[in-house]
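Chain naming follows the written order as A, B and C, and within any one chain the residues start at number 1.
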Amino acid sequence: MISDKQLKQIVEAAIFAAEQAVTVDQLLSGALANFSLNRPRIRQVLDQLQDDYRERGVQLVEVASGFRFQTRAELGPALANMWPERAPRYSAALLETLALIAWRQPTTRGEIEAIRGVSVSTQIMRTLQERGWVKVVGHKEVPGRPALFATTKEFLDYFSLQSVADIPALAEPPEPDTRERDMIEVLNSENGTN
Amino acid sequence: MLEPPVTEQHSLPLGFVRGEPMFDRPDDLYIPPEALELMLEAFSGPMDLLLYLIRRQKMDILDLPILPITKQYMEYVELMHELKLELAADYLVMAAMLAEIKSRLLLPQLASEEDEELDPRAELIRRLREYEVVREGAQQLDHQPQQERDFFVGSAFTDAQDIAAQEPPAVTLADLSLALARVMQLVKAQAHHQVMREALSTRERMSRVLERLSQVKRLDFVELFDVSEGKAGVVVSFLAILELNKEGLIRLIQAEAYSVIYVSRYEQLAQEETPAL
Amino acid sequence: MISDKQLKQIVEAAIFAAEQAVTVDQLLSGALANFSLNRPRIRQVLDQLQDDYRERGVQLVEVASGFRFQTRAELGPALANMWPERAPRYSAALLETLALIAWRQPTTRGEIEAIRGVSVSTQIMRTLQERGWVKVVGHKEVPGRPALFATTKEFLDYFSLQSVADIPALAEPPEPDTRERDMIEVLNSENGTN
């Protein structure tokens, strides 16, 4: 048996020590593998931890890929002074491309260009992929077999989102007639987004 | 074309010209070239510029006022052309599209003018509405808390990985086999140790005999044999006992002829003979 | 001015977000650069934070290079399960020592060293015993009474062997001439058996 206090300590430490966000399943099969616990009990502990940290400098947040501790958003400006080199700024063109892929995924570069009315720079596509926000999930079965892009869990995590639907403007799916879904063959069916 | 600027749309300055913040695109006829350049950089493309012009008219996209918009759009594009801005090509494609729509609208209307399908503006309106979603989405995305700008992921130092590294590594029989082949080669090269397959089970049996003797003071010689192992097993045990005796690791004691032979560890006997300290 | 609560949040968040331990000076010139604060006040905040975390899964510790949060020492074994596939490989020296003990048992460390031509590290002998593959079955009655090492049943079980003679390399019969000579050596072994 494990006491509530011990359980809370292990869950807390495991999330802090992990390099990525941690899911309930990862906790159950990892740090808690030697105890027989069920998911509701872990959820309860996570709720308690969220409460414990509500007023603190870091908070327990659930993002797309699991739970993680992150610093309070209001502290951003102060903390940015510690690491001025870390804070990147993204151009409107990059954010629009990203929003478009999130909304219409899976989508091709050609479709992005048609909607934005400008050619998409290779630099932007490279940045999006290097950051791990966008990846190729298949190819469209049309001449040239253009790559189909989709957003990733890392993208959602970076913007503290659990799903694309958390962005109000993008919550409504695009009109079906513009999508030609049937023409799209997604090779990699799990892209874990939405 | 001198409408008041719609400043609510952009609360942040578009940029700075000679240190002065610019909150909106200038609508004066005279635009300093550096301001225009900045201004055009603030548009992410022709759709953005078009949307801006429509908004400035306070019009709905659905009522796309194609004539004035086309006129204003062309003025911007001409300015861009004069400044030889790089993006001009994309803007020219849009200009051609606007000109085409305009010319189609100027043609005599046919009977089915109610039919939206035939409105030459329909395709552009659809694209504008889609683009509006995307632009709005991009702005909302920008307002989301962003990692490394608004928040940082917290982490704590842990030695758990080192503990994990202490998990015993797996070894395959092939690894062991290879290691054995290496040491056998070594022994062969030294040539004064026996390299024998049979010796192996004998040596192993020697260990087991010693192990048993470590738990009891002495054993009846016959207890060291297990007949269920068959003849080969008995031979192995016998060889093991002889070898242990030869190496001085055990002692065989027989009080008188034909009496029971006892086997004990050499050291235990030695200890018995010496008075305890 | 900055409230105690805000100050504590910033210090806490900065230490959690940093990749390295953080010094008081780094806090003063970084996250707290916009406030005029002195070192004693920061020390006080750090003391409070240490108290806050005393019973938690992570703790605020001062190490040589500054302050950092680290997981509670007792939780190490549980947390280690979060990184399951970390195990390194054993060295050739360890495997050769093991093979030699299997083959020449019961044997002393001195005998192993004589054959391998190098000294056997204490670490290797300890590892083999901790793993339960090798144990001391007696002592040789020579000066120093060196321990006699033998392989165990656990060792055989681990490799699914009935006997050390089943180790594949041993199935290879040695070259005839060696075999003959060895045979003689065994048969000649003292009291002239057979």
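FYI, contacts are C-beta pairs under 8 Å (C-beta built on N, C-alpha and C of every residue); 3 or more make two chains touch, one makes a residue touch a chain.
Not measured: the values here are computed from a predicted model.
Think of the whole protein's Cα atoms as having one middle point; the chain whose own Cα middle lies nearest to it is B.
Look at the CA centroids: the one farthest from the centroid of subunit A belongs to C.
A comparison of the B-C and A-B interfaces places the larger number of contacting C-beta pairs at B-C.
Centre-to-centre separation between subunit A and subunit C, using Cα means, comes to 37 Å.
Separating the centre of subunit B from that of subunit C, both taken as means of CA atoms, is a distance of 27 Å. Separation between the centroids of subunit A and subunit B, computed from CA atoms only, is 13 Å. Counting only residues that touch two or more partner chains, subunit C has 13, 16-17, 58, 69, 71, 75, 79, 81-82, 84. The set of subunit B residues that touch two or more partner chains comprises 152-156, 158, 160. Within the complex formed with subunit B, the subunit C residues making contact are 13, 16-17, 19, 21, 58, 68-71, 73, 75-77, 79-84, 86-90, 92, 95-96, 98-100, 102-106, 115-117, 131, 137-141, 145, 148, 150-151, 158-161, 163-165, 167-174, 178-179, 181-183, 185-186, 189-191, 193. The part of subunit A that touches subunit C in the complex is made up of residues 5, 8-14, 16-18, 22, 26, 30-34, 55-58, 69, 71-72, 75, 78-79, 81-83. Those residues of subunit B lying in contact with subunit A across their complex are 42, 44-48, 50, 87, 90, 93-94, 126-127, 130-131, 133-142, 144-156, 158, 160. Chain contact summary for the complex, subunit B toward subunit C: residues 152-161, 163-171, 173-184, 186-188, 190, 193-204, 206-208, 210-211, 213-214, 238-239, 242-243, 245-249, 265-267, 270.
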